[in-house]
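Worksheet: the structure to be examined is printed underneath.
Order of writing sets the chain letters: A, B, C, D, E and F. Residues in each chain are counted from 1.
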Amino acid sequence: MSVVPLVEYDDAAPEVRAVYDDIMATRGTDWINNFWKALAHDPVLLRRTWESVKEVMAPGALDPLTKEMIYVAVSATNNCEYCIRSHTTAARAKGMSDQMLMEVLSVVGMANETNRLANGLQVPVDEAFLGKD
Amino acid sequence: MSVVPLVEYDDAAPEVRAVYDDIMATRGTDWINNFWKALAHDPVLLRRTWESVKEVMAPGALDPLTKEMIYVAVSATNNCEYCIRSHTTAARAKGMSDQMLMEVLSVVGMANETNRLANGLQVPVDEAFLGKD
Amino acid sequence: MSVVPLVEYDDAAPEVRAVYDDIMATRGTDWINNFWKALAHDPVLLRRTWESVKEVMAPGALDPLTKEMIYVAVSATNNCEYCIRSHTTAARAKGMSDQMLMEVLSVVGMANETNRLANGLQVPVDEAFLGKD
Amino acid sequence: MSVVPLVEYDDAAPEVRAVYDDIMATRGTDWINNFWKALAHDPVLLRRTWESVKEVMAPGALDPLTKEMIYVAVSATNNCEYCIRSHTTAARAKGMSDQMLMEVLSVVGMANETNRLANGLQVPVDEAFLGKD
Amino acid sequence: MSVVPLVEYDDAAPEVRAVYDDIMATRGTDWINNFWKALAHDPVLLRRTWESVKEVMAPGALDPLTKEMIYVAVSATNNCEYCIRSHTTAARAKGMSDQMLMEVLSVVGMANETNRLANGLQVPVDEAFLGKD
Amino acid sequence: MSVVPLVEYDDAAPEVRAVYDDIMATRGTDWINNFWKALAHDPVLLRRTWESVKEVMAPGALDPLTKEMIYVAVSATNNCEYCIRSHTTAARAKGMSDQMLMEVLSVVGMANETNRLANGLQVPVDEAFLGKD
């Protein structure tokens, strides 16, 4: 069970329903996942988070699949089970194969390892990496 | 200064030079960045880390640029300055524009935010996200 | 199940019972939550942790409710389920409404996002923020 | 130096200037700190982040000072120097004394400690903490 | 259930079986734990990770028990339940008593606390700690 | 510069001097490192932290060198520069060779890697790892 009650569509205030409707329309689905139902306890937080996610995950200089895989990578690093499960599902729906997932996680594992080697050894940044501005 | 002395090529033992040579040959460069010079203090760690990074970052189901952007995403999440600087440089060399970088970081920021919202609210995972195995 | 056995009051050594008694007296309750029962496996760790928590969470320049909300904020950032659940309960007992909780988590989410944007972009600290000592 | 160039007001595009103007008007200041100048490299990210921060940090069920202290607590947990410095400065401007800061950090320290004790021992959550929904 | 199917020995490809056989031979056991069965979905990742773990955890300047306790310490800091459980089990098999575990976690807790105090206060590093290289 | 002024011995209140004296006596040194000088801004925090560190790091079921290496491992995982530098120095003073440090960091790197592989794949914990209580 979550820390606050989940808000179901039928019980939702109009401003919450409006967000739910936009989520379903944008995604072409007919259901709302629990994350939004928990956020709905604060309609301002719900609306802001949804608008931000929608904007961030839209096609841009990066395609939506690449963005989803980056989302998975961060969620695995932070160990957020909900986010790992939901964004792995979303990435698969956008075309991520199991082999691609294993490679995402291979990079995540390696980066988490070398991040700590660089930290632990306090390696000074090379001049060549400090080029801009 | 780093926690252990950096090992320069001219002072390096043969097994360290062999790794340095392979790094330069693989990357088509004529210099070694400080990360490897610090690891070289333990030739077994140097060799294993380099062989692993080379294998992980090679083209596969994901292209090398996507892998570098995931590396940047994890390093920004963990706040490893060395890794942020070196892998941002590497990603740019492989074609990442500034706009692409800003979008990587936009996803990183959003994922770090929603990871904590999902954690803090202890949102239960939807059945639909628990499909496989 | 926990990694070490939970120590129940009836089975506890005198120095553990003394801490349990102080926890119940300080909190005005008649039960001990599992965290302390696990720590009790090492009476020195139990006593030190309890004495520290009691001192830190007492009224001071900050009131106990503010301190509990900060505890929730850190626990959500670190994704410690036990701590999220126990300190959210404690904060509610001290007056935190659901709306206050949602605002705590809104700040937590935003801070986790901008922390990574500042890291990823390696933004230099402004002189104006470096005033003291 | 940052990873992307800082965008100064005089060089900024109109949509960036509009955000800068709103930041200065909202805060009653006549300068822009580096964080926004780095984000400005992506005007959409700049606008979204500013609008979100403005909304989150406004008075609500929590007062702005409490919100700033929570921001400091998360930033100290994540070790984001820029955010620690900027939000400590902001919290002081809103009335945080040095003693209050020390108590914020005392709670942050204790929470980071007990988060790991609870994790490391895998303490099961008490029924009493699982009340709602 | 895991995000990818677990690969059982009987269903495994020859290169996966070869790694499984080496795990069992090295450890003197007749079963494979789930971690490797999940990695086996990508035989290259499986082989690299196993070879690396085998090399890192072998006796060296540090004995295997000390290495296992460090593994537990990192896993508790990162809150990886799987790793906490598996490496606590492994450390016990190598001689870690419950009192030793409690002391490992006591240090982990204290380090996580003082890490944040040092970060939050931005304490400058003493000259005396910057001796080498 | 730190976020609060460092408190030098000559300017310290009696209760701060008493802690400083105990630090120097316990360590057999004639100086105080900056961490304590920053904490001294809150004498209660200073005393509690010192008493806790002294108790945790004393010889017990684990020897002081092993404890220092675990401190380094956690600090490298969390990327606390101050703590990495000070505890690496302390561990060396207690007998840690450079090779031992490299092996500590090798385990830290590997643990940080496999922690994320286990998280990202959501590997279920084996029954064999769930034995006690």
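Methods note: a contact is a pair of C-beta atoms (placed from the backbone, for glycine too) under 8 Å apart; a residue touches a chain by one contact, two chains touch by 3 or more.
Just so it is clear, the model here is predicted, and its values are computed rather than measured.
**Student:** Going by the contact rule set out at the top, which chains touch both chain B and chain C?
**Tutor:** Intersection of chain B and chain C contact lists gives A, D, E, F.
**Student:** Could you tell me which chain lies farthest from chain D when each chain's centre is the average position of its Cα atoms?
**Tutor:** E
**Student:** Can you name the chain that lies farthest from chain A, using the mean of each chain's Cα atoms as its centre?
**Tutor:** F
**Student:** Higher C-beta contact count, C-D or B-F?
**Tutor:** C-D
**Student:** Can you work out the whole-Å distance between the CA centroids of chain A and chain E?
**Tutor:** 27
**Student:** Centroid from C-alpha atoms only, then distance chain E to chain F, rounded to Å. What do you get?
**Tutor:** About 20 Å, centre to centre.
**Student:** So which stretches of chain E touch two or more other chains?
**Tutor:** 1-4, 45, 49, 52, 56, 77-81, 84-85, 88, 99, 102-106, 108-110, 112-117, 119-122, 130 - these are the residues of chain E that touch more than one other chain.
**Student:** Within the complex, which stretch of chain D touches chain C?
**Tutor:** Within the complex, chain D touches chain C at residues 1-4, 31, 33-35, 38-39, 45, 49, 52-53, 56-57, 60-62, 66-67, 69-71, 73-75, 77-78, 80-83, 85-89, 97, 99-100, 102-104, 106-108, 110-126, 128-131.
**Student:** Inside the complex, what are the residues of chain C that reach chain A?
**Tutor:** 79, 84-85, 88, 98-99, 101-103, 105-106, 109
**Student:** Report the residues of chain B in contact with chain C in the complex, numbered from low to high.
**Tutor:** 72, 76-77, 79, 81, 84-85, 104-105, 108-110, 112-117, 119-122
**Student:** Touching chain F in the complex: which residues of chain B?
**Tutor:** 3-4, 41-42, 45, 49, 78-80
**Student:** Which residues of chain C touch chain F once you look at their complex with the stated criterion?
**Tutor:** 1-6, 44, 48, 52, 55-56, 130, 132-133
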